[in-house]
Structure formats: C-alpha cells, structure tokens
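Letters A, B, C and D name the chains as they come in the text, with residue numbers starting at 1 for each one.
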Amino acid sequence: MPNFGRLLREKNIIFVTLALCVLFYLISPRFLSLDNMSAISRQIVPIGLIALGQYFVVVSGNIDLSMGMGSVLFAIVLGVFFGLTGGVALGIVAVIVCSLALGFFNGVLVAKLKLPAFIVTLAMLFSAQGLSGLIIPRGQQIFLMGDFFRFIGAGKFMGLYWSFLFLVALFVLAYVVYNHTRWGAYVIAIGNSEENARLAGIDVDRVKIGVFMFSALCSGLAGIVLSSRMGFVQPGLDGNGLLLDGIAAIIIGGTLILGGRGTIGGAFWGLLFIGVINNALNLLNVEDVWHQVFKGAVILAALGANWLLWQSRQVEAH
Amino acid sequence: DEGKLDIVFINDGHVAPYHVAWLSGFEDAIEAYDDAFEDIEITGRWLSAEGSLEKMIQQTEVTINEKPDVMFVNAINVDAFEPLVAKAQEAGITWIAVHSPMESADYSFTLGDVANGTNQGMAMCALSGGEAYKVAVMLGQAGNPSGEARREGIMKGIASCDNVEVVAEQPADWDTVKAQSIAENWMTQYPDLDAISGVTDAYMYPSIAIATNSGKDLEFFGYDGDIPILQQMQDGPVKADILLSGTREGWNFVQMAYRIHKGETPDKVYDFFTPLVMSEENHKLALANGFPEDVQVYYVDQALDVAAKGYLEFGPDSVK
Amino acid sequence: MTKRLDMKGIGKSFFATRALDNVNFTCVAGEVHALVGLNGAGKSTLMKILGGVYQKDEGVIEIDGAKVEIAAPSDAGDRGIAMIHQELSLINELTVAGNIFLGRELRHGATPFVNKREMARQVRAQLDRFGLTLDPNRKVADLNSGEKQIVEIIRALMSDAWLIVMDEPTSALSEEDKEMLFDFIRKMKEEGIAIIYISHHMPEIFSIAEQVTVMRDGVIVLSECTAASSEDHVIRSMTGAELDHFVKPHKEITGKTILTVENLTHPGAYEDISFNVHEGEIVVMTGLRGCGAPELAKAIFGLDGSYAGKISYFGQPLKPGRGPAQAVADGMGLVTENRDKNGILPPLSVRDNIALPYLEKSVKAGLIDGRRIDALVDKAIRDTSTKTSSPEQEIRFLSGGNKQKICFSRWLDPDLKLLILLEPTRGIDVHAKADIYRIIEDLAGRGVGILILSYEIDEVIMLADRVLTLYQGATVSEYAYPGFDKDRMLADMAGAGQGH
Amino acid sequence: MTTATATTPSRPGFKLDSLTQRYLFLILLIVIASVGFGIANENFYSLANIGILLRSIAVPFLLSMGMTFIMLTGGIDLSVGSNVAFSGGVGVVALTATGSAPIGFAAAVAAGMAIGAINGVFIGRLRLSAFMVTLATYALARGMALVIYNADSINVSDAAFLWLGGVSWGNMPVVIPFVALVFVALSVLLYKSTFGRDVYAAGSNINTAFVLGRRPERTLVWVYVLSGALAGLSAIITVGRVSSGQPWAGLYLEFDAITAVILGGTSLFGGRGRLLGTILGVLLYGIIINGLVLTGTNPYLQSLIKGMILLGVVLLDTLVQRRNAQ
C-alpha cells in the first residue's frame, strides 16, 4: 500500500491520537466509555474555540496571546449585562461587540502600525486581566442561571452536547472558509510572504485585521461557553491555560507556528489529542506531583513518534 | 510615628475568588478605620505576586525598603522568606506571617487548616447516612502548605468512619477553570459518586453548576465561607463549609494591625476563628450520628451575616 | 502610436543611495520596450515604483495623459499594469491556479466560494495553448524554479493588463520555454499590449524589442529604436566604456585529477554518469532544464546520498551524503541555482554573507579576526565589482544581480580546490559577466577544478575546457576544447544527438 | 548614489541603523520611567531600591540572554522558567547528598543543560517546532522539579552555595558583577566567535547556512544547551536568594524573558537583534515592575497599567522609527 506511507506521513496526528486512545483504554477500559467520550467532547469546546481563532492568526504569521484572558473578560462582560438586565440577549450582543472591538484594535495595531503581534496581544492579555477585575466592583461573583446557560452548558441533542455540535459546525465552516473562499487563500498567502501577498494586490492590512477580529470573536464565544458551564463568573479566572492548550492543539496538528501552513483537519485532531491527554490525567488518577511530567512526556513522546513516522532527517536544503 | 499606620499586605495571587473577597474586606476595613480614628492616618496597600515566588520576593524587598509599620505576608513558601523576615525586623517593621506560620515572624496569622479539614471530613461522615458513600476530593496545587494541611485534615476526618470512600483526588491548582473539567470528568467517570469535597470554595462554583446542569444529585463540602456558597446551604446541595470568609479575614487583618499599633500584643500564633457552617437540621442530624458536640458550628444565617459584614466582628467598634 | 505611459522626472533615494534621479520613461501601446543597464543601475527600482511597490520621492506618472498615484500594488493592477518581478513572488503553499488567480479569484456566481475547478480549467487551457504540461493543482512549493517562472509569466498574461513589466523573465527559463515566452510576447504585441522588458541578454533584446532604454547609475543615458541601434552601442552606453570582451586564454590541462565520477546513477534524475575534473580545468555540463545536472552536482557536494556509483576526490572515495560541512572542509564550494532559497541570508549584511564559509580560517586565539575578514570581504566585493553602499548593508537590499555576485564571491578563497557553479551568471550584467568569466579563468589558472552547469550555449562555449552534454539524466557526449560544435551540442541537448 | 562600482572599505559611519535607534529610544524610555517613578515615590532612587531592582533582574537577565541567542535562530524556549526549578532541585539534592557546593553547582548547570539538550535535539536534529517542544519540556521540567522536591521546598544552609545569590557588598549584590561577567562572555561568544556567526546564520536562512557547510542543526542544539546552562546558573542564584530550593521557582519567567527580548528589538523570526537591546529590554521591564510595586496600586489596575505601558513602548518606538525613516 504505497499510499499508506503517505497517509501516515500527512495525517500522523490521527495515528498518534488513536494510539494514545488504545493505550489509555488498555490502562483503564472506562476511557473509551460513551460517557467519557462525551465528557471529552464537552471539555474541548472552549479550547477548540480558542484553537480555531488562533489557527487563522497563526497561519497568517501572527499570534494572539490575548485569547485566553480575553475569554475571561468577555465572560465577565456577559455576566455584567446578565446581572444588570436579567436577560441574555443583550449580554450576547455585548460580548460580540466588545470582542470584535478588541480584535479590531489588535488588528489595527499589528497591521497598520506594524507592531509585533506578540507584544500587542501580550499587552492585551494584561489589560484584559486588569479590566476583568475592574469592571465588576469588588470582585463579586455573578451567577448565570437560566435556560440559555443550561442549554449551552449541558444541552444535548441525540446524545451529543450542543456545544460540541456547535464547535464541529464551526470547524466545518472554518474548513470551507479556509479552503474555498478568497479569504482563506489570502490568510495563507500572507503567512507565506506578506510581501508577495501585497504584490498580488491583496489588501493585507484588511485581512490581518479580519483575522484578529475573528480570533477575538472566538474568544468571546469561548467566554460564553466557559461561563455557561461554570454557572458563574468572577474576575480572576485564569484563561492562560486555555490559551496554551489551544496553541498546542493547532501546532501538534501540523500548523507551522511561523505561519503559512496548516490544515483545519489537522487542527481538529490536535484538539482531540489535547482533550485526550487532559482527560487521561484525571481518568488515570495520576498522582499530583506526576501530573506535569505525564503531560510533558506524553507530548514529547507524541512529537518523537510523529518524527519517527515521517520526518526526514535532512534540513530541507535542496 | 504615632499618627500614622501603614499596612502592606503581600499575597501570592489575586485571581482566586477568595483573594478577591480578601482584597475587598481589607480595603473596606482600611477606609473604615481611617474614618473612625481621627488621630491616626491609616493607609494600606495590597500586592499580588501573581503566583511567582521571584516576584513576591522582590515585592517584599521593595516593601521593606519602604518601611511600612506592619507587613502581612502570605508566603508562597515560608522557607524562602526567612532571610527577609530578619531584614524587615531590622527596619522596625512588624512581620505577620499569613496562613503558614513562621517561627521568626513577629506574629503568625493561622487558620487551623488541619482542624478545619477534619471538621469537614467528620461532617461528611456524619451526614453520609451510614451507607456506602463515594466522595472525590479536589486539592490545591502540589506542595502548597494550606492545601496540603486541608487535605490532611479532610482525610483524617473521613477516616473517622468507614462508609465514606475517597474514590479520587486531583489537584486543580486553585484554578476554577481547571476545577470545571475535573468535576466533569469525575461525574462521568464515577456515575455513582455521592459528593465532591474541595479545599476551596472556588471549586464549588463550577462543580455545582455542572451537577445542576447535568441533573446529578451530588452533595458538596466546601472550604472558605464564600458568601454565594453559604447561600446554597439552606436546603441546597452544599452540606458543610468552613467559615473563613475572605472579607472577614481582610477586616481582621486591619483590626490586628491596629491593635498592635496601639501597643497590644496578640498571641504569637493568632488563630483566626473559623467555625464550621451547617444548616440547623443538618447539624442536628450530624449530632445524632455522633458528630462531636464540641465542634463549634455556625448556622447559615449567622455565617452569612458575619461573612458579609466584616465590621460586625472586626470593625472599628470592636476595638473602641 | 499612442503614448500610454509617461513617467516624468522620477527620483528615488534609499537613505544615502540615490537609486533614481530625474528619470523620464515612456511607453507606447503595442511596443516591447527593453530596459537595460548594469546591476544596480535602478531598473527594478523604476519598475517597482510603477508597480506600486516603492513610492517615488519626486516626479509624476501619467497613464493615457492623466496623472495617477500608484500607492500600492493593487493600484497598479487596477490600472492594468501587471508585473513579473525579478525575485519570484509566488505563494509556496498555494496551488499553481491559486497563485495565478490570487487577488482576483473566480467565484461560483454570487456566492463567496471560489470556483477552483473553473480556475484550474482556465489555467490548463492557457498552458495547453503553449504546449506546457504543468498541473494547475500542484502546490507551487513543489515546482522547480523554471516552472515557477512560468507560473509568474502565465499569471501576468492572464491578468488582462495592457502593460506587462517583465523583470528578467528568462533568467530561469530553458531555451524551449524562452521561445514560448517570445511567442507570447509577439502575440500580445499584436493585441496592442505593451511590454517593458528587462534583460541582460542583448540578443534577446534585439530580437524582440522595438525600443531600448539604457540606465546608468539611476539616470537614463540612452533611449532609441533597436532598429537604429546596435548591441555594441547599447553595451557601451551602459558603462560609458567599451566592453572588455572576455577571451579565453589558451592553456594545457596537465594537473592531477581532482574529481572522478564513475557510473553515478540516481533513478529518475541521472544515470550512469562518468567524468573527471582535473586541476585547472573548467568542465561545463549543459542540457535542457530537467537534464539531471543539478542533482548530480548536489550528489558531488554531499547534499544527497541516495545514488549508486562512485565519486572520488583526489583519489579518495567520498562517502555518499556526507553533508556540505565536510565538502567545504575538503575545499569544495557550491553556488546553488536558487539564491533566495539557499543562497543568501536575507537579514545579514553583505559582509556576513560573504564571510560565512571563511570563518574558521579567520580565527585568531579562538576569536574572529575582524580585520582579516574585512580584508577578504573587501577583496571579494572588489573582484566581482559588487555594488553595495557598504559591506554592512543588509544583502536583501541589493539588486538581484549583485546578490548573485555575492553567492559567487564568497568562494574566492585561496584554499579552494573544486568549485561547483550552477548557473553562475544568472541575472548578471554583461560587463560583470565578463569579469566573472575572468575570475573563473583565474581560479582555474591557480589550479582550482571547476564544474559548471550552464544552460546558455554561448556561455558554455566561451568558458569550457570540456563540455558534457546531458539529456534526460544521461551523458550524451563529451567535447574537448577547442573542438566545440555548437549545432551538435544543441542537438545533443534536445535529445536528437544520441548515438555519436 | 556612489558611482564607483565597488565600494571603498568603510566602517559604519554616523548613520544610525534601525536597531541603534531603537536602543537610544529604549534608553530614553528608561530615563523617563525612572524620572516618573522617582517623582511618584522618593524611595525609587534610594541605593537600597536600586540594589533590589538590580538583584531582581539578575535572573531574568540571564534567561533573556539565552533567549536572545535562541530567538536569533528563529526559535523560542518556553521551558526556561521550569528549568530553573528543575535544575535548582537537582543542584540542591546533589548538595545535600554530597555536602559539596562545587558538585551542587555542577549538578545544577548540568541538569539545566540536559533539558536544553532535549530541546536542542528535538528542535535542531529532528526539526520539530520549537514552540511545541519547549511547551512539552515546560511541563516536563516543572513536573520533575515537583517530583524531585516531592512538591516541598528544601532548606539550604551551605554558605558557599548561597554566596552567589545571597550575599551583598553593601547595597551591591555580588550577583550583579557576576551577571556583568556573563554578559561580557556571552557578547564575546556572540560577536567574536564562529559560533555566534552561526547563530545569526541559522536564524537568517537555515538552508543557506546548511549549504555553506555551517551545520546549523548542531548550532541549534548548542543554543538550547546554552539556554539550559543559563537556567542552571539562574537556579543557583535563585536558591542563594531564598536560602532554599523551591519547586515553584521560575514560574512565568519565560514570558518575562521573551517580552524583554522583543522589547529589545530582537525579531521573532530570527537573524536580527543584539544582546545590548536585551539588556535595555530587561532593564525597562524591571523598572516598570519595580515602579508599579512602589506605587502599590490595585493589582488589577496594575495589570492594566502594565499592558498599556508595554503597548506604549512599542507604539512610541514605531512612531519614532517611522518619523526618522521619512
């Protein structure tokens, strides 16, 4: 089967993830139970939203570090509006407006003023953290109870969580946008060579701003999901774990961190990989001091296996 | 300078819900004391090391150089701060170690974490109804002294009966977001789970929400006395909690600093009064099941009252 | 004929460098207008201003008599100007069709979805028209540089422009593809499309251009009809001096054998190749693109180890795929055919770009001796007459030809024993070319063995002591100086000469 | 335009390149920040505070130096902070076991280099994404530190081991001259050795470096090993500073280091940047943090201010550069 080698090479993360699943299943048969699969599917939703937004940013050759704390900030925005009005609609609108505004701001700074995305979004990370503590006076908790939150947090359709279905739909949409619209091609082009993209007459700045608006919107959605599932919001939630998991998911799925290359499918599998590891940590009841060793070692082993499967030794020089 | 009292509070973080309540109690108390005592100008600052040991050391060094009157330090690790205590004392600053006691400090402000944890564990025993009862325990960050002490206590309390079984223990690193996934995993992994116990109320919020949303009938045992959790005790899923209350504690700091400034000398190890909280029925039920009578218990209303109004116990009136 | 483009009084400076000074340039419909000049004369800069890549400091641009501002490449596109840039400007991760339609994709009706099939179809049709076989759905990253150049050309052709600027379009093309390009150009001329054509090849210019404009140091020194001009006249006006033609000195090859290649085979690339290179000898491989010579050169340099057969160097067999580090340590040098990919280090200075292979030799007491490096670098710049504002200049700001010179000049090292040059004079002006030939001959005179790959038959004949013609990876013939027969060589290259 | 086809050998003259401009600008900002904080709090200028400031930036400084090398190759090292905890753990355990400070030092540095070597081999030899690999070792090294320490700190009383991080001559911590020495050594390495040139070459175009026989894959391995060694040194300093080995030492330091390096004008994409910029970046960042502590505002407000200052710095810098380019 000559194509098997190629399949192995290009879709390696699928094999690594499946191998991990088998391994965990052998250790604990409960791993592959329906319940556990559905728990994984729900847990990856916020990470997946971050990963999806980050995907376009990274392919365009940038990075958005503000996504994690951004989702916390937007969750609080939702909470504040819910607390004020008792209704959800206004809160959702506010989250969308605020997130798009933040993304626009990031995008303008990066595209028009040519500031490094790393610093701009790091600054936004700090600012979002600060604002999240300043807009709720005295750090009160705001409880989010109601049908909407229950629906987002735990609603199911034919045994699958709505939030997961929503995520999958977004990935499909992203797949279509990435592969079948101009915008997708422009993002790839910019990530390969901003200069050449400009030469081809692409409005590079506009695309970049769009990319950042999309990532911020995704973090807004992640904030909505996160807060619905937790049932409350409060300043001081930590969004950076989400951020790192999201970036890890897309890179392990074959996206180049320096931009220009990646597949949506790979990102999705990378997301599953991260979800599986996070879940296994709990499921296998890994003792607390060994947590990080486990996580680090599994990722390194996956990278190594990846390489054994397909990477060539040579620096690509000719 | 008699006419001035400058209090600095250096904390390991500012992100946990508890920290947030702490800060607001502290700030309110500073204002209230400053207003109440015309003769003294009372100022306070609250620094957060954001979890970083290095940052906390730097903040402490800078603060010592500023020579405030009293420093409260919630050290990430007490060993690391021994060298600085001496320096502070040289500069004439009163050092109060918060939560983890320090031999060298002028005072240590402690919580009796082990005893509190034991109370929580015993409450679990007493309310479990004698049948097989499965509980999962959510821990702090590996190595964190408060977390370790609370865990030790909870385990000790649970060991007082043999129907309660700990099916899982996982650290959530004081992180609410992490707590959410862990709770979720537990609920799917242990379909017959009866209760979740945690070393902080921060874990209770997402756990309760997930249980409610997925229609699970779990019981919860908290620690911290966060007001929203206390509110879920009367006929709610939360069965017991430990009344620290961040706001209460913040008020108590200021009261303590004021007393020291006025020349009083509290105990070298100042043990913060942290009663167990239960509803009245549950307390009665527990007593009937052999819960020790000498454990001090606040009922929900009373707990809510003191938690919300730190000035009741520790306000300017308490020292006038 | 109507004057359509009129650039008046254009000036442009890069910091201290005055790249263009009061340049007036016009272009009429349906003409091919050649723009020539030495490397760094300002040709590309002038065209980049027209293409919206750079902004002019002074001057006006008029199209059809109306003043226009071209602030971005998209403005140029909107005004019907297409550019083929000197450096490849494709997006590696997109397909051929995706690149050709980049920025003006076709869509399924009014939906936002691009119609990949239709784009591929149109590209294939266009390719078919010229007898080219290239899959429109292939990723550009997988193409060789000749194919990439074709994609650039097709992109310009399919852009509905009335003016196409071609900045050295033939430098990566094979003879066949060049003919195809000239066919294109003739057809477009008939359709009234104007072409600005930049090249260092005088015969090309005199065969297709009506008008030739010569630039020197940022000013226009000559503009006339090709019919009324001559190669010599144009070449002279590029420097103001007569071209010092390179004449190959006569010499006897008596030195030791440096390189012996025996029955080298790499299926799909080359087959059963055997030859020698002696001290002081210039061996030139030639053929069409795809003849396997670059792969062969890489095997010799140790970049590729998957071959059968034997390579010996001074009588010692070489380990297959031993890596370039060993090759350089053994006294070999290589100028690759793709300078952007693996020839230059863009953010580094000219000095660093030249000095890199010398480093170990310039170490005193464990530290780099800057003065020794300065001396080497200055000599290398002088010997190749590279035009740079200073050795500290970042190489990416140099003109294309000058970058190429640096790729070459970094090997002018006293310990060099074997130099492998893949298309060494690509993009280099006529005067510098003669200089480079002289340097190659000097190196040979010093006993360095030289193995060159060149696709230009005149260059092959001018330089070689021995010629190997290759066809589809196999040696067709070997010719020794002075018995070169141009027609037979061309026949060999085309695959017609098999058998003698 | 010079009309000669070849240039006369010239040293860089008065022309300020963009990096130099950036450095001048950073210096200006450092002055402004110092004056500002000095006005806000008279203690800012006290010798003691300057000592505290310098001491507090010693470790970030070392780590940023390593990070500069790495970012010059176009890579990134997220593992340095965790590595400080891990190598410190190994050093302290070795010290406790043998009672010998030199062995403890050597063990710490060797442990740091070991993590660096893992990074280097995966990134340099296997050509895997630096971000991903070091994200894995970020967890791995922290985890191993927790395991070594069993999540608890270990007290250290060996005076020799504590000397570097703990001792001050008056207000001058001994670690400052030490760090200065390291800086000089690293500058020589980067600017005066073939290795340094290879670092720039690997980051500028790894393919070209390879074809020119420079063995960039080897350079990458050594760059990460160097970063690991500096993490080991930082661990020794940290242990000295707190008289104990700490499993949670070094948390978030990788982000501080990366921020400082980028503030110092080094490109994330490799090949461009200098150590001097990193010093200025660390100093500016350190002053901002120190100043914010002194002003003692609400921690959330501090986050906001920190974000705004970071943004302000790069924003002003670009505006200044742009104006100069006109």
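Note that in this section contacts are C-beta pairs under 8 Å (C-beta built on N, C-alpha and C of every residue); 3 or more make two chains touch, one makes a residue touch a chain.
These figures come from a predicted structure and were not determined experimentally.
K.L.:
Looking only at C-beta pairs that count as contacts, which pair of chains has more of them, C-D or A-D?
P.N.:
A-D
K.L.:
Farthest chain from chain B, going by the mean of C-alpha atoms per chain?
P.N.:
The most distant chain relative to chain B turns out to be C.
K.L.:
In whole angstrom, what separates the CA-based centres of chain A and chain C?
P.N.:
It comes to 44 Å between the two C-alpha centres.
K.L.:
Using mean CA coordinates as chain centres, what's the chain A-chain D distance in Å?
P.N.:
29
K.L.:
Taking each chain's centre as the mean position of its Cα atoms, how many Å separate chain B from chain D?
P.N.:
So the centroids are 37 Å from each other.
K.L.:
Quick check: what residues of chain B touch more than one other chain, meaning two or more?
P.N.:
As it turns out, chain B has residues touching two or more other chains at 14, 23, 142-143.
K.L.:
Give me the residues of chain A that touch two or more other chains.
P.N.:
Residues 133, 235, 288-289, 291, 317-318 of chain A each touch two or more of the other chains.
K.L.:
Going by the contact rule already set, what residues in chain D reach two or more other chains?
P.N.:
Correct list: 146, 150-151, 207, 210-211, 298-300, 302.
K.L.:
Please list each pair of chains that are touching.
P.N.:
A-B, A-C, A-D, B-D, C-D
K.L.:
Within their complex, state which residues of chain C touch chain A.
P.N.:
The touching residues are 51, 53, 72-74, 76-78, 83, 85, 89-94, 98-99, 102-105, 107, 112-114, 116, 298, 303-304, 324, 336, 342.
K.L.:
Can you list the chain A residues touching chain C in their complex?
P.N.:
For chain A paired with chain C, touching residues are 176, 180-182, 185, 188-189, 191-193, 195-203, 260-261, 317-318.
K.L.:
Please name which positions on chain D make contact with chain A in the complex.
P.N.:
74, 118, 122, 125-133, 135-144, 146-147, 150-151, 206-207, 210-211, 216-217, 255, 258-259, 262-263, 268-269, 298-308, 310-311, 314-315, 318-319
K.L.:
Sort out for me which residues of chain B touch chain D in the complex.
P.N.:
Answer in residue numbers: 8, 14, 23, 45-48, 50-55, 57-59, 61-63, 65-66, 76-77, 79-83, 141-143.
K.L.:
Please output the residues of chain B touching chain A within their complex, sorted ascending.
P.N.:
By the definition above, chain B touches chain A via 14-17, 19-21, 23-24, 139, 142-143, 168-171, 175-178, 180-182, 184-189, 191, 205-206, 208-210, 212-214, 226, 228.
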